[in-house]
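The data blocks that follow each hold one structure.
The following pair of complexes shares a single chain, subunit A, combined with subunit B in the former and subunit C in the latter.
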Partner chain A sequence: MRKSGYLWKRSVFALVTIYVAITLNFVLFRVLPGSAVSRISKVPNASPALKHALEVQFGLDKSMWQQYVLYLQQLLHGNMGISYQNMQPVSDNLKSALLATLPMVTIGTVLALVIGIAVGVLSAVRRGTVTDHATTNVAVLFYAFPTQFLGMMMLIFAASFLPSAGMTDPFAIYTSWADEAGDVIRHMILPVLTLVLTLFAENTLIVRSAMLETLGEDYVLTARAKGVPRRKIVRSYALRNAMLPTITLVALSLGSIVTGAILIEVIFSWPGIGRALYQAVLARDYPMLQGGFLVITVVVVVFNFIADLLYFRFDPRITT
Partner chain B sequence: MSNTSIDAGELVPEVEVSHGLWVTLRAVLRQPSAIVGLVIVGLFVISAVFAPLLTPYSTTDASCGVFDPPSTAHWFGCDDGGIDVLSLVIIGGRVSMLVGLFATVIAMVLGAGVGLLSGYFGGSTDTVLMRITDYFLVIPQIVLMIVIAAVWGPSLSHVVVVIGILMWTGTARVVRAQVKSLRERVYIKRVESLGASHTRIIVRHILPQVGPLLVANAVLAITVAIFTETALAFLGLSDPTAITWGTIMEHAFDRAATSAGAWWAVVPAGMAVALFIMGCYLIGRSIEDSLNPRLKVSYLSPRSWAMRTLVGRGPDAL
Partner chain C sequence: MSPEDARSPVFEIKDLHVWFDTGSTRRHTREVHTVKGISLAVAPGERLGLVGESGCGKTTTILASLGLLPPSASVSGQILLEGKDILAAGEKTVGPHRWNDIAMVFQGAMNAFNPVKTIGWQIAEALRVHRTVEPRERRDRVAELLELVGISAANADRFPHEFSGGMKQRAVIAMALACNPKVLLADEPTTALDVVVQDQILSLLTKLTEELDLALILVTHDLAVVAQTCERAAVMLDGLIVEQGPMTELYRNPQHQYTRQLFESTPDVFSAPVASHEIAPVVAPLLDVTDLKVSYGGRRSWLSSLRNKPSNDTLAVDGISLRVQPAEMLALVGQSGCGKTSTVQAILGMVPTGGGSIKVAGTEVTGLSRAQWRPLRRRVQMIYQDPYESLDIRFRVRHTLEEPLRIHGIGKSAKERTRIITEALERVGMTPPERYLGRYPHELSGGQRQRVAIAASLVLDPTLLLADEPVSMLDVSVRSGVLELLDTLRRDLGMGILMITHDLSTAANYADRIAVMHQGHIVEEGPAWDVVNTPTHDYTRTLLAAVPSPDPEVRKVS
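Entry: the complex of A and B
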C-alpha cells in the first residue's frame, strides 16, 4: 500500500510536469510581441484582407483558449506541425533524430557512470593519498572544460584517424548489416568519448563526496568492530548507501547531459535531436523548436521517473 | 517534506554554521585548494579590470595573417581575421565574467528569496514554492534557455536574464534546507517569543547564518553561468558582436579553425574558461567542505587499518 502510494505520487508528478511543459510550450511562443501573421504579412502591399485570410488559415482569429484546446487536441494526435525547413511533419523529423541521439547519449552516460563510480569509490577509499589527489584533480580539470572545447580538440587532433562528422559514411556501400553497424560505431567513438570525458568528472566528484559521508557513519565503525572484511564494508555498507544521493544527483544532472549532447551533436554533425534544435534556431523554425523542446523535456522527465524508481528500489525506507 | 520524493533539499548535508563567518573563513583559508582557487580567480579578475592595458594588440584590427601560428610576437597566434588571440581572450574575459556575475546575482536573489520564504514560513508557502522549484528542476533548462533566447532574439542582456531566472532552483533548495533547520533552533524560538518581527529575525539571525553557504553556492553558480554562456554563444544565441570566451570559440568553430588545424584559435579561450571555472570550483568546494563536519571523520582509513579521526590532522586530511 505504502509502496504503491510512492509510485503513484511520482507518476502524477511526472505527468503534471509533462503537462506544465506542454502548456509552457504553448504560452512561450505566444506571449512574445507580433504574431506569425504580422511577420509573414510584412510584405509590401499586404492588404487587410490578406492578413485576415492568413489569420483564419493559421487559426489566429480564434480566442487564446480555443487555440490552446486545439493545440492540445492536435498534440494528442501526435501532430506537432510542419517544419519550415523541409516541409515534413515535425514528429517525423524528431522521431528519426531521437533514434540517432538515444544510442549515443545512453552509451556515453552509462560509460561515464561506470567510470565515475569506480574512480569516485577508489578516491574516497584512499582518501588523502596520492591516488585520491590525482583522481580528484583530474576530475576537477575535466569538470572545468567546456564541452565544445573538448569536442573541438577531438576534431583537431583525432579527425585524421577517426570519422568526425555524421553518423555514417555517405559514400559507403554496405555489404551486410554488421558492416553498417561497424561504420556507425566508428562514427560514434569521438562523440561518445567527448560526452564521457565531460560527464565522468561530475559523477566522480559526486560519488566521492557521497562515499566520504557514508564512510564516516557509525555503522561503518560497527562493521569494522565486528571484523567485517574491508571489501565488504566498502561494497555493502558504504557504497550501497552512497548510491542514494548519487542517483538523485545524477538524475538532477540530466540537464547537463542534455547540454552536452546538444553541443556534441552540433560539433560532430550527429543527426540527432540536439542538432535538429540547433538548426531550428538558425532557421527560426518555430514548429521544430517547439517540438524539440517538448520531446527533450518528455525524455528527461521519463528518465527522472526511472531514477525515482531506482531510488525506490535502493532505499527500502521509502514510505508515503 | 516527507521522504516520498527524490528531494535534493534533504540531501544537502546538515551544515554546522553556528560558529560564524570568521571561523568559517579561517577554516576555508587553511585548505590549500582554496588558496589555489583564490589565486586563480584573483589573477583573472585583475586581468579583466586592467584588460585595456594588458592587451598587446587591437581586438578590432588585424595585426597579423589569417590563422598565423603562435610566435614570439603573437603568443597565442591569430584567428581567422588576423586578430591577436591573446588580446581577444583578455578582453573576452571581461564580458564573460560580467555575464557570469550578473546572472549569478539574479539567481542568488531569486534562490535565496524563495529558499528563505519557503524554509522560514513552511506550510502552504513551502509547498507551493517547492512544487514550482520541482518543475523548474526537472525541465531541461538549457533547452528552455535556447527556446527563450531564440524567440527573444540574440543579445547579451537576454542571455544574462535567461540564465539568471532559470538557475536559482539549486540555491533555493539548499537555502530552504538550512533555514528550516535554523528555524528549529532554540535561540530563534526565544527571539521570536521576545517579540521580534519576522523581518528582524530573518535579517539579523537567519541571513548571517546562511551567508557562508550562499557564498559557496554563488561561487559554484558562477561556473554554471559561464558554462551556459559559452554554450548559448556556441549555438549562436549570444550577441554576435560581443567578444566573450564563448563567442571566441564559436567564431573559431564557425570559421573552420578545426579543419585548418588552428588549435591556437580555440585553446586559449577554452583554457581560460577551464581555469576560471576550476578556480571558482575549488573555492566553492572548500567553503562547503569546511561547513560540513561529517566529512572530517572516516572510519575506513586507507593505509593502516588503524582507526583514526581526521580532525586536527591538518588540511591534507580533508
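Entry: the complex of A and C
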C-alpha cells in the first residue's frame, strides 16, 4: 500500500516535470531575439514578401498561443515537427543523433561510476595513507579541469595515433560488420576517455566522503566487535549505506553529463545530440531545439525517477 | 572482591596502557597516554561499574579489551579471559573471542544497527559469522534471543527505524548474547534513553547476568546508574582508576577526593532540600501561559485539504498553563516526546500556537509578527542543551557576546560594549574575562562553553531565561557549577527561569516548583519538595520510581 503510494507520487511528479519542461522549452526559444526567418532571409535583396512567405511556411505568423496548442497537439501524436535546417522530421534527426550519443555517454558514465566507486571506496578504506592522498589529489585535479580544456589536451596529445573527429572514418571501406564496429570503437576512445576523466572524480569524492561517514558509524563498530570480516563490513555495512547519498548525487549530476556531452561532441565532432543542439541553436532551428531539449529533459527525469526507485529499493526507511 | 564471592575472575584487565599517536612531526612523534595502567577483574555473574567523565579513558579501555582500537593506538598490558592473555598475539588471539566470549553493547543504541538491514538479519549475522548454530536453527535462535530480552519474536523482520529507543537497546543486548558470551561490556547502555526505559534496561541487564551467569562491566558517567545496578565500582580519572571497591563502601566512605566530588555533584531526588524559599505571588508574572495548545507538524497533505478532510493532527501541547514569577525557577519535567520542547518553541514564537495565550511580562505574544517580537527578544533569552552546537565555532567569545548587543543596538561605543561583555563573563564565573575574550569555542571545556552561552544571553539583561536541558550534555562534575550559576542569577538579578529537563533529580534540587508534563498535559504541579515527596499523580510516581539514586541502599526491588 505504502509502496504503491510512493511509486504513484513519484510518477506523477515525473510527468508534471516533463510537462513544465515542454512548456518552458517552447517559451524560452521564442523569447530569444531573432527567429529562423531572420537568419534565412539574410540573402541580398530579400523582400518583405519573401520574409512573410517564409514565416507562413514555418507557421511563425500564427499567435504564440496557437503555436503552443498546435505544438502540444502534434507532440502527443509523436510529431516533433520538421527541422528548419534540413527539412527532415525532427524525430528522425534526433533518432540518429541519439543512436550516436547513447553508446558513447552510457559507456562513459558507467565506466566513470565503476571507477569512481572503486577508487572512492579504496581511498576511504585506506584513509590517511599514501593511496588515499594520491587518489584524492588526482580526483580533485580532474574535477577542476573544465571539460573543454581536457578535451583539447586529449586532441593535442592523442590525435597522432587515435582518430580525433567523427564517429567513423569517412573514407573507409568496411569488409565486415566487425570491421565497422572496430572503427567506431577506436573513434569512441577519446571522447569516452574525456567523459570518464571529468566524471569519475566527482563520483570518487562523493563516494569517499559518504564511505568515511558510514565507516565512523556505531553500527560499523558493532559489526567489527561482532567479528564480521572486514570485506563484508565494507560491502554490506559501509558501501551499502554510502550508496544512498551517492545515488541522489549521481542522479542530480546527470544534468551536467548532458552539458558535458555537448562540449565533448563539439570538440570531437561526434554526430550526437549535443552537437545537433549546438548547430540548431546557431540556426535558430526551433523544432529541432524543442525536440532535443525535450529528449534531454525526459532522459534526465527518467534517470531521476530510476534513482528514486533505487532509493526506495535500498532504503527501508522511505515510506512517502 | 568480598570473600564470600570468591569465584575466580572470568575476565581481567591487568596493567593496561594505551597511547594514541596524534600525528608525528619529522623530529618526534607526539603520543598521548590515555589509559595509564589500569587493572580490573570481574567474576561470572558479577556486575562491575566503571565510572568516569568524558575523556577519562573508559571507552578506550573497553575497546582495547576487544582489540578494536584504531591503528594509531598502541597497547601494553594484559587482557585475561579465564586466565589466558587474549592480547598476546594481537588480532590472531583476540579475533576468536570476539562475541563468542566477550560481547559488547555500545554507546548510542540509536545507531548500533545498520539501518538498511532487519534486526533479525543482524542478530543472525553474529550466528552466521561464528557458526554458532546450524543454519536452519538460526531463525529459532533469533526468536529465542528476542524473547529473552522481552521483545516479541514477530519483530525479527522489522527494520531498526521501526523500533523505539528502548526496543532497540533490548535488541542490541539480544544481539550481544547471540553466541553465549561469558563477559558483557556495556558502554553507556542507557545514556540516550528516558528514565523509565533506562530503569527497565538496567533491570534486564541485572536479570540476565544472574540467569546466564554473565560477567558485566557497565561503563557510565552516571554514578546513580552504577549504584542501582552494580555490586562493585571503579572510578576512573585521567586514565587511572583512583578508587575501586564495593558500591556501598564508595558511597558511605569515599577515600578519594574525586569520588567524593562525583557523589556530591550527582543530585539525589530523595534528599532534595525542603522548599528553599517562598515567593510571594506577584501581580504580574514574567511568563504567564494559559491553556496553550500546539499542534504537531500540521502536516495536512494538499489532497486531504482539497477533499476538506479534517486534519488529524495530534496536539503536542494540549492546553497547558504555566506561570513564572520573578526570581523563581520552574522546572518543566517530562520524558522525550511529552511536548516540553514544543512548549518552549511556542513561547519563543518559533512555532504557531493552536490556541491559548502566552504573556511575556504582561505582553501577549501569540500572533506577534517577527518585527514586533524583536524588542521582546531582549527580555526572553534561551539557553540550549548542547553548547557545542549553540556556539558558532568560527566566532571568538568576544564576537559571540557582542553580536546580540549590535543587533539590539546596545552600547554606544566599543568601550561600553566591552564593559558589558566583561561584566557578563565575570558574572558567569569566567574570570579574568580578558583571558577568554579571544578564544574560540574549541579552546573551551564543555562547562565553559555553556557558561559562555549563558553570558551571551546575559548581555541583553533579560528578565526571563528559558533553559532547555542546560546540563544534560555536560559532565557530572561541571553540572552543579552551571546549575549553581543559574540559581545565583535568579537570586541576585531576580530573573525568572523556566528550566526544561528530563531529570527529576536536578529539578528537585534546584527548582522552586516542578511541573510534570505527560503527553501534552501538565499532570502535576507544585513546590518541588511536595511533588517529589508527596506525588499525587500516577505518572509522577512512575517517574520517581524509575529515577536511580546514588545511594546503593535505596535500591528498588527490580
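FYI, the second predicted complex is superposed on the first by the 281 of 320 C-alpha atoms of A that agree within 3 Å, B and C clash if a C-alpha of one lies under 4 Å from a C-alpha of the other, contacts with A are read in each partner's own complex, and residues count from 1 in each chain.
One rule holds for everything that comes next: a contact is a pair of C-beta atoms (placed from the backbone, for glycine too) under 8 Å apart; a residue touches a chain by one contact, two chains touch by 3 or more.
Given the structure is predicted, the values throughout are model-derived calculations rather than measurements.
*Asks:* Overlaying on subunit A: subunit B and subunit C, fit or clash?
*Replies:* Clash - subunit B and subunit C, as placed by superposing on subunit A, overlap.
*Asks:* Quick one: subunit B or subunit C, who's touching more of subunit A?
*Replies:* B
*Asks:* For A:P229, decide between first (touching subunit B), second (touching subunit C), both and neither.
*Replies:* Second partner only.
*Asks:* First (subunit B), second (subunit C), both or neither: which does A:A165 touch?
*Replies:* Touch status of A:A165: no partner.
*Asks:* Between subunit B (first) and subunit C (second), which does A:L221 come into contact with in this model arrangement: first, second, both, or neither?
*Replies:* Both partners, subunit B and subunit C.
*Asks:* A:L309 in the overlay: touching subunit B, subunit C, both, or neither? Say first, second, both or neither.
*Replies:* Neither partner.
*Asks:* Output check: A:I107 vs subunit B and subunit C. Expected answer is one of first, second, both, neither. What do you get?
*Replies:* The answer is neither, since A:I107 touches no partner chain.
*Asks:* Who does A:V300 touch here: subunit B (first), subunit C (second), both, or neither?
*Replies:* After superposition on chain A, A:V300 lies in contact with subunit B alone.
*Asks:* In the overlay, answer first, second, both or neither for which of subunit B and subunit C A:L7 touches.
*Replies:* In the superposition, A:L7 contacts neither subunit B nor subunit C.
*Asks:* From the options 42-50, 186-194 or 384-392, pick the one stretch of subunit C whose C-alpha atoms clash with subunit B.
*Replies:* The stretch that clashes with subunit B is 384-392.
*Asks:* Kindly list the residues of subunit A that each of subunit B and subunit C touches, one partner per complex.
*Replies:* 217, 221, 224, 244, 317
*Asks:* Residues of subunit B touching subunit A in their complex?
*Replies:* 2-8, 11, 13, 134-135, 137-144, 146-148, 150-152, 223, 227-228, 230-231, 234-237, 249, 252-253, 257-259, 261-263, 266-267, 269-270, 273-275, 277-278, 281-282, 294-303, 305, 307, 310, 316-317
*Asks:* Mind pulling up the subunit C residues that touch subunit A in the complex?
*Replies:* Touch list, subunit C to subunit A: 66, 68, 95, 98-100, 103-104, 106-108, 111-117, 125-126, 129-130, 159, 161, 172, 175.
*Asks:* Which positions of subunit A touch subunit B when the two form their complex?
*Replies:* 5-6, 9-10, 13, 16-17, 20-21, 24, 28-29, 32, 125-129, 132, 140-141, 143-149, 152-153, 155-157, 159, 209, 212-213, 215-217, 220-221, 224, 230, 233-234, 238, 244-245, 247-249, 251-252, 254-255, 258-259, 262-263, 266-267, 277-278, 280-282, 284, 286, 289-290, 292-293, 296-297, 300-301, 304, 307-308, 311, 317-320
*Asks:* Can you list the subunit A residues touching subunit C in their complex?
*Replies:* Of all residues in subunit A, those touching subunit C are 217-219, 221-229, 236-237, 240-241, 244, 314-317.
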